[in-house]
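Both complexes shown next keep chain A, but they swap its partner, so chain B is in the first and chain C is in the second.
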Partner chain A sequence: MSDFDWKRISKHGDKIALAVLLLINVLITPNFLQLQTLFVNISQVATIAIVAVGMTLVIATAGIDLSVGAVMAVAGALAPLIFLSDFAQANPALGLTLSIVVPILVALACGLFNGLLVAYLGVQPIIATLIFFISGRGIAQVLTNGNLQTFNHPGFSYLGTGKILGLPFQGWLVVVIAIVFWYVVNRTMFGRRILAVGGNENAARLTGTPVRKVKTGVYVISAGLSGIAGLIVVAINSASDAARIGNLMELDAIAAAVVGGTLLSGGRAPIFGAILGAVIIQLVKYTLLANGVADEVALIAKAAIIVLAVYVQQGRKE
Partner chain B sequence: MQPLLRMQGINKSFAGVAALTSAELEIAPGEVHAVIGQNGAGKSTLIKILTGVYRKDSGDIEFEGNPLNAQSPREAQDAGIATIYQELSLVPLRSVTENVIMGYEPRNKLGLVDWKAAHTRSREILAGFGITIDVTQPLGSYSTAIQQLTAIARAVSLNARLVIMDEPTSSLDDREVETLFGVVRALKDKGVSVIYISHFLDELFHICDRATIMRDGQTVAVREIAESTKLSLIADMLGRDPEEIAAAGMTDLGGGVRETGELLLEAKDLKTDRNLRDVSVSVHKGEIVGLGGLLGSGRTEAARAIFAMDKLRNGFVRTTARPNGFSDPADAIRSGIGFLTEDRKAEGIVPEMTVRENMTLALLPKLIKNGAIDRERETEIVEKFVKALGIKLASIEQPIRELSGGNQQKVLLARWLALEPDLLILDEPTRGVDVGAKFEIQSIIREYVEKGVGVLLISSEFEELVEGADRIVVLQEGTSVTELQNPGITEESLIGAIAQSHDGATA
Partner chain C sequence: MLDTNAFDLRKYLQGNGQSVGVWIALVVVVLFGAMRYDNFTGAYNISSFLNYNSMFIAIALGMCFVIMTGGIDLSVGSVVAFTSVCVAYLSPYGIQVALPGGILAGMAIGSINAFFVIKMRIPPFIATLATMLGAKGGALVIAGRQTISVDWTSNFTKFGMENVGGLLPWSIISVAILAVGLWIVLERTSIGRTVEAIGGGEDATRMMGLPVDRAKAFVYILSGGCAGLAGVILASGFGAGQPLEGVGWELSAIASVVVGGTLLTGGMGSVPATVAGALLLGLVFNILNFENGRGVISISAYWQMVVRGMFLFVVILLQARVSRATKKQGV
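Moving on, here comes the complex of A and B:
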């Protein structure tokens, strides 16, 4: 009987963890039950959650994407360059549109590069995406000459500071993205094929699955979402620092996906799990910071969560 | 004499479903003991409880007179129970020696591994089983049989008192099987007991002393092999009357003489980089064409070439719709060809996916409505095939890995049948499934052939080929050498054709 209970606990481990975290915060964190706290957490968790959705898809094909943080930096560096340009000053509406569309297109191109390396040249995902992990941030810094770009652009800043029905814009964006990709995974052929490729690549190929296209697709999606996240970070800060945007994001996103129940061996893509994972990671960070624990210690706590999540996952397999 | 192992009243259930109900197993010292039963009879559950993979709900296990309650495979191994799995748990890139002595390396004075002593020891251990090979070479450079024997040698060198072999011959050829039998006999002479699990009943008569027969999670009989016949064992497994089975015939593929329809597919002079030299075969509507030959003769390779999995170096494949052959498997599927592969685990099932998702994997493009999968129709189709093929499951939303081998195979067969194919390539469609499911799968195939589907059948069981196929193309070393026509083929004539061409090729 003890077996059975353990299974149930491990199945709902992420929800239990979230409940425990909330409870602890209510008890010990000053001013936790304030709207302001909610807003801060939503705006900070949004970028992790958006990137984690893409990461979940990549991991579901038994891959990994280390380049997400660097892609964020490229997108985040490009946007101010565009809307601060003379052309954009002359055509504000077009400039704003381009400053959102172009960085995302560039991000998608980065993803295409990753995907082609992995799917068509057979480079191991960790190595293929390591290329952009290293060079992407370099490219971003070259673009900006290593300068911090500050700006005052209410239109663009809406991405990071706007509110709909009183809640931060990026929170709504997360909800929309999560619903869209939940639908993709659970209802479309592409989604089913992602899981098949990760679950058994040979079987997928033999049933007519275009394995290479599916793999390329997930890297493109992951990079596109990273691009969006990069724009949000810049919008929140009203400043773009190519050296810092999305720094260590790949680790947060992988952690969120794993905590949410994604198997690193592939074959499973719990989108809402990844969102939950992102929330848990954010809450842990917040709990420690709000209670005066140093940032460095927060990193250790994050590692502990990952270890715990992997342990629970192992228990779930049996 | 005191038994080496006694398992009594073993109960085990998974999520409320009983897998074992007071199952029993008793092994005498130095005995080779078969455990047989249909898939889902509880054999592997019982063995996994013994080896510490699963925990029993209740019951007693005694090993060498002491209670045994292994909590992990490691504990079972320490107690003297070694398991040789189908998928070997060795390290192919390291040397044979390293694999044999792993974890128990002899050390020299400096505490470093004494390789000279290590090689000598592993050579001695292997020689004890009549294997003389260069132990310094990587294990992966040897055949599966040698690898398997190395695993056994390792187990015995660790003082195993009981060796469990799970389908040890499934990937061995005839000569390798003989070597394995020699090793089993050598174990017996040393007083080591062997639990032998196999779907090939013929093998039991060569090396087993007794057999425990399981059905529906219970131990139904323990038989002396010397006093049993193949038929009586099958009758025990199925819980049926031996005479009834004898009357029904051993396979269910045989039908009357049929007229063959139009040509479905023609493959000529196929050559690939995978040991396929020159194979020609054609399939007509409503016809079963067998590919006969020994292991390694190019049967699976021919199927892979036709299904566009391997690049053709010579020859062509053509159908009416595709005069230039197929560009890839997806293209072959689109033009109405299904390929049930030999290796269910590596190339068939997606273990984490549900039965529903597994069954419709090839059908997906036809299930799309407004850009999404039409779940209603999908469920409808899956339920139809679950019913038609008698697939036993708790729910179509169950992960396929939870089903027994025979039921998994039926799901995979349904995956292709759902496509309403013109031509089915079936590679060992009844391998590793129990006798009952085998009958059923064969009669399902027959039913579809009568509706006009063409079948290219690959089978290592001559009986299945002889009774099932309308024609048999005989392969030898990657070349099609002759063709036999039914009626008139007998197992003897097939074996004769294979043997003859064998002589011709080697002369």
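Moving on, here comes the complex of A and C:
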């Protein structure tokens, strides 16, 4: 095989991986070609995809956001606290609105905190977002006293179980978010600036890009999207367990972004690539689960995929 | 103990502002605790404090070397869990087999990290994130999802449970030997100097003809070995190999290293200050426990994570100020 062929294969590695995964599943996974399977996968891939979009933007500025899972937990712990409160019982519509708006605002505030640390204090992104990675889940558990909150709230559950035109609501949400951020990256000044900062920060600064604002912005967006994902997880389960919402999500999101072609060194933000990456990650999970592979072995498989994806990508860069 | 510290202090007063700060903070916190709580300076508190924190000192020491090269090792917590399970299986053969066995198991995972980072050129935090998952999965697989009880008839549990002279546990003695050894390696050997040089500028170090890859392999394998030692202490101190332990420990280690004044961008680093940083972080929790016991404040396990995060935050704020001040002087 010549070098040229190898390059082309690695360029389309994500699509090939998807095709291979689908083929394997059709062959070995029982009941794979069922509508039910599609729904399950769409409803579960949505959270990974939404977080991966935000992660892609952060990585495009050569940053990283390890706090996404913890921010999901904070948002997911807050929502039931609000709509189960006495106030919300008295004012159902307002209560529902607040239970969606307030957690997202809190998530945005977490993102602002991350962004300010990275952009204005010059703290490395890994370390800055590590703070919430550690303490965010703790805050969520303090809020709920570590209890599992279960609920029966059709209005809120629509986020996770509703259907539009027969397809899960959150699937449509992913489509909308992807289109919006594709437009932002490719057609707006802010998008160009994100790529400029990631491509060469000093050059961007010299040409008048407000580097600090752009950096702060991507962390705020990433946290906001994580907040939405946290709400969806809670809505799907009709339960909120602060210890588990978004656990290890940072890994899934980073893996999705990298598999989708985002360079860890910054400068590229393939939004639809990230969605494709999320689908691949979800399919791998589903394949292992549906074929009875133990969780702990699945962990090892996921680790191998991350290393492989980054390795292939390194080759692509050269 | 104070006498040996006094020697360090004098040396560090000359060049390293933050390191001095850590020692002063450490002394202040110890004095505060000694005056406020009756049993704070009791033999039981001292030996259990040192025993528990010897694990955190060990992983912080390895982390310090990794961070000095501009890298990071997120896998240490999982490696502790993994090796604790390994040594639980080795415990019937006694500590003389389990201790080297556990350290070797940790070094094995460390060499996987080294391979990923050096040969496959995967960014350290991704590579070690992957081994963090892999080691955790591996620990659960070999333990069959259970805690593995150690053999109580061999001398294995003495390592983590017996004190020399009623005060110093074997665990802290082994970690102290490790710390002194690493201090000498860093300050007096060529590999130590190469490690510091890499953090200052990897390309420049390579051009100077220093063995960059060898030094990087050294730090990741060292970090794995330190986590392995912590795993031995965990298994022997608690009488079980625990596949689910170690979550978030990498953060404690990173925090200790940062408190010790090692710049996260690599280059500068100090072994004694890292030990002091780990002790300081441990003392904060020790004091919180005492406050808890007095019923003044009630701190659940959940708050511990929040406190850990806030601690890291404060340190980062301090360090950002320090590094900005030095930058101003330099430019």
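The rule is simple: the second predicted complex is superposed on the first by the 317 of 318 C-alpha atoms of A that agree within 3 Å, B and C clash if a C-alpha of one lies under 4 Å from a C-alpha of the other, contacts with A are read in each partner's own complex, and residues count from 1 in each chain.
Basically, a contact is a pair of C-beta atoms (placed from the backbone, for glycine too) under 8 Å apart; a residue touches a chain by one contact, two chains touch by 3 or more.
The structure displayed is predicted, hence computed values, not measured ones.
Peer 1: Given the superposition on chain A, are chain B and chain C in a clash or a fit?
Peer 2: Once both complexes are aligned on chain A, chain B and chain C clash.
Peer 1: Check whether A:A196 is in contact with chain B, with chain C, with both or with neither, and answer first, second, both or neither.
Peer 2: Only chain B; A:A196 stays clear of chain C.
Peer 1: When the two structures are overlaid on chain A, which partner does A:T188 contact: first (chain B), second (chain C), both, or neither?
Peer 2: In the superposition, A:T188 touches chain B alone.
Peer 1: According to the stated criteria, A:V20 is in contact with first (chain B), second (chain C), both, or neither; which is it?
Peer 2: A:V20: touches no partner chain.
Peer 1: Touch test for A:V101: chain B only (first), chain C only (second), both, or neither?
Peer 2: The answer is neither, since A:V101 touches no partner chain.
Peer 1: With both complexes overlaid on chain A, does A:T209 touch chain B (first), chain C (second), both or neither?
Peer 2: After superposing on A, A:T209 lies in contact with chain B but is clear of chain C.
Peer 1: Counting only touches as set out at the top, which of chain B and chain C does A:V142 meet: first, second, both, neither?
Peer 2: second
Peer 1: Would you sort A:Y311 into first (chain B), second (chain C), both or neither based on which partner it touches?
Peer 2: Second partner only, chain C.
Peer 1: Quick one: name whichever of chain B and chain C touches more residues of chain A.
Peer 2: The partner making contact with more of chain A's residues is C.
Peer 1: Please indicate which partner A:R268 is in contact with in the superposed arrangement: first for chain B, second for chain C, both, or neither.
Peer 2: A:R268: touches chain B, not chain C.
Peer 1: Sort out for me which residues of chain B touch chain A in the complex.
Peer 2: Spelled out, the residues of chain B in touch with chain A are 55, 307, 309, 329-330, 333-334, 339, 341, 346-353, 357, 361-362, 364-365, 367-368, 371-373, 375, 415.
Peer 1: Give every residue of chain A touching chain C within the complex, in rising order.
Peer 2: 64, 117, 121-124, 126-128, 130-139, 141-142, 145-146, 248, 251, 254, 258, 264, 294-300, 302-304, 306-307, 310-311, 314
Peer 1: Okay, in this complex, where on chain A does chain B touch?
Peer 2: Residues 3, 183, 187-189, 192-193, 195-196, 199-200, 202-210, 263, 267-268.
Peer 1: Which chain C residues qualify as touching chain A in the complex?
Peer 2: 72, 116, 120-123, 125-127, 129-134, 136-138, 140-141, 145, 248, 251, 254, 258, 264-265, 300-310, 312-313, 316-317, 320, 323-324
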